[in-house]
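Chain nomenclature is as follows: A, B, C and D, assigned in order of appearance, with residue numbering initiated at 1 for each chain independently.
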Amino acid sequence: MKIKVLITGGTIDKTYKELAGELSFTETHMVDMLNRGRSMADTLSEVLFLKDSLEMVDSDRAFILDKCQACDEQHILITHGTDTMVETASYLAKSLKDKTVVLFGSMIPYSVNNSDALFNLGMALSAVQLKPSGVHIAMNGKVFDFDKVQKDKSLGIFIDA
Amino acid sequence: MKIKVLITGGTIDKTYKELAGELSFTETHMVDMLNRGRSMADTLSEVLFLKDSLEMVDSDRAFILDKCQACDEQHILITHGTDTMVETASYLAKSLKDKTVVLFGSMIPYSVNNSDALFNLGMALSAVQLKPSGVHIAMNGKVFDFDKVQKDKSLGIFIDA
Amino acid sequence: MKIKVLITGGTIDKTYKELAGELSFTETHMVDMLNRGRSMADTLSEVLFLKDSLEMVDSDRAFILDKCQACDEQHILITHGTDTMVETASYLAKSLKDKTVVLFGSMIPYSVNNSDALFNLGMALSAVQLKPSGVHIAMNGKVFDFDKVQKDKSLGIFIDA
Amino acid sequence: MKIKVLITGGTIDKTYKELAGELSFTETHMVDMLNRGRSMADTLSEVLFLKDSLEMVDSDRAFILDKCQACDEQHILITHGTDTMVETASYLAKSLKDKTVVLFGSMIPYSVNNSDALFNLGMALSAVQLKPSGVHIAMNGKVFDFDKVQKDKSLGIFIDA
């Protein structure tokens, strides 16, 4: 099973920049994470852009949708910031019916101690291989359908909608 | 969905003992790992024993089987050393038909740098919620049926049998 | 030898806040760091405040000086943000002649991967026990006199002035 | 100040080998550690051998002594297993009077969570620049003269002799 991994940014890929003294983007950690997980899954990663999901606009979502539709793979993972992950999932679900798509991210960057990134990647990579067609979100140890999930921003967790 | 987590030891739970200068068992890291993953899945963990899987004997496997059969949960995760994971999976599959069981472990202890433990836990926790009844192994980014997997000991990876 | 450890904040003690999505202060990691170093040095830590050193004003420096003068210990470690560490060292040196003071911090927070915090603490704790009276800065693998060091902000390193 | 760093093995440089399932030596982490500490000290590292210090024999100690005597540097750091660190320090001290030598190691490998390696390197690198001629041991947050220290093996700490 071939799996496309589309990288869009979000907390999961932020890195501490010591000169600026803040977290921002330089490159994705996806290949590092898959290697650390000793993954033998047939994944092909592609960086679409590296953005905080609060700064994502509709043209970004259209670009993600295009990539999902255009690629040969039927199974697609998407890394995404958590703040608008549900919104992007809904956007994709309107047009993508015949592929299995799983969005995920993390609350703590992969490069920061005690990150949930590797766990969430495991959850998502398993789900994209096992779920039927449709758009899903893998966060907080659960796999949600796109239209049955919301982020509780005060707690920082994804819950049933 | 209620999920039982049975802990049996294996590399995933080994910890460095500075006085002895070697890796051995004291306690499980399962709760730490689930908390780090910010998991909201309804899991209940139980330590059966903490053993290197090369030292596991048939009475150990019978004990695991008993626990699987006796518990109320239909969904069961089992942490296990990688060396005899396939053997235990086969043993369980003979008697367990109506529950979803997923075994997993890690090649590098959770307490050692660059561990695959958190990734494998994510893979397994997702699989135990999504797979139908049967005994499965989640390792190396894949979810295998118990009778279609083997460990390549020279490479340290699980591959199709 | 009794050593006072005065905590003032700086990058070394910043922690990622997942709800805010940024690094800020909650508490010091000093005790964790000393325990991790298995330190048996006779240290007593006190948090004065937790500030980014760019926000530190003269009344903050006067407060640090008061604490240095008032304490019984002759050997004092001070954690400090790197941006104005040299300025604070100079301020203290005007009035503190008979105690050994070593300032240090880190370029990467202790809570972020690949942090220099533990190394710098080791450098500083060694220096405060070995240097004669005076105000010093321990950063980048060197121990500088307060009036012979500057921070090169474009490179993020402390060099001879 | 030029500093020679002689690598001899010990717990500090052990790495987990996933195929063997145990900690052993492949290469030193010294350069990684110095880079992580953002060290600008003028250090030159040389691997003499990578041994558990319990397996070190007198010809190994003679080799270390030769290297200390033959090198141009007056300041020498030596990584060493903790079990016979005091013995090697005494051996060197008999013949080395005019150089500053600091031995150090760690109780937990650099590659294992919660390691004291980086802290001890900081302690030792500071001490080798600040101490007068003689052979010293930097462990547990202190710098000991070679003839005033012993390892308490039941506690795993270096204490006054």
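Definition applied: a residue touches a chain if its C-beta (ideal position, glycine included) is under 8 Å from a C-beta of that chain, and two chains touch if they have at least 3 such contacts.
Every value quoted in this text rests on a predicted model; they were computed, and no experiment measured them.
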Target subunit D, source subunit A, minimum contact steps: 2
Show which chains lie in contact with subunit B and also with subunit D. none
Classification of the subunit C:subunit D interface as same or different, half of numbers criterion: same
Here the gap between subunit A and subunit C, centre to centre from mean Cα coordinates and rounded to Å, is 39
Using CA atom averages as chain centres, what separation in Å is found between subunit B and subunit C? 44
Using mean CA coordinates as chain centres, what's the subunit A-subunit B distance in Å? 26
For subunit A, residues that touch 2 or more chains besides their own: 107, 114, 156
Flag every residue of subunit B that touches subunit A in the complex, lowest number first. 33-34, 36-41, 43, 107, 114-116, 118-127, 129-131, 138-143, 156-159
So in the complex, the part of subunit B that touches subunit D is made up of which residues? 11, 16, 18-19, 21-23, 107-109, 111-114, 153-154, 156
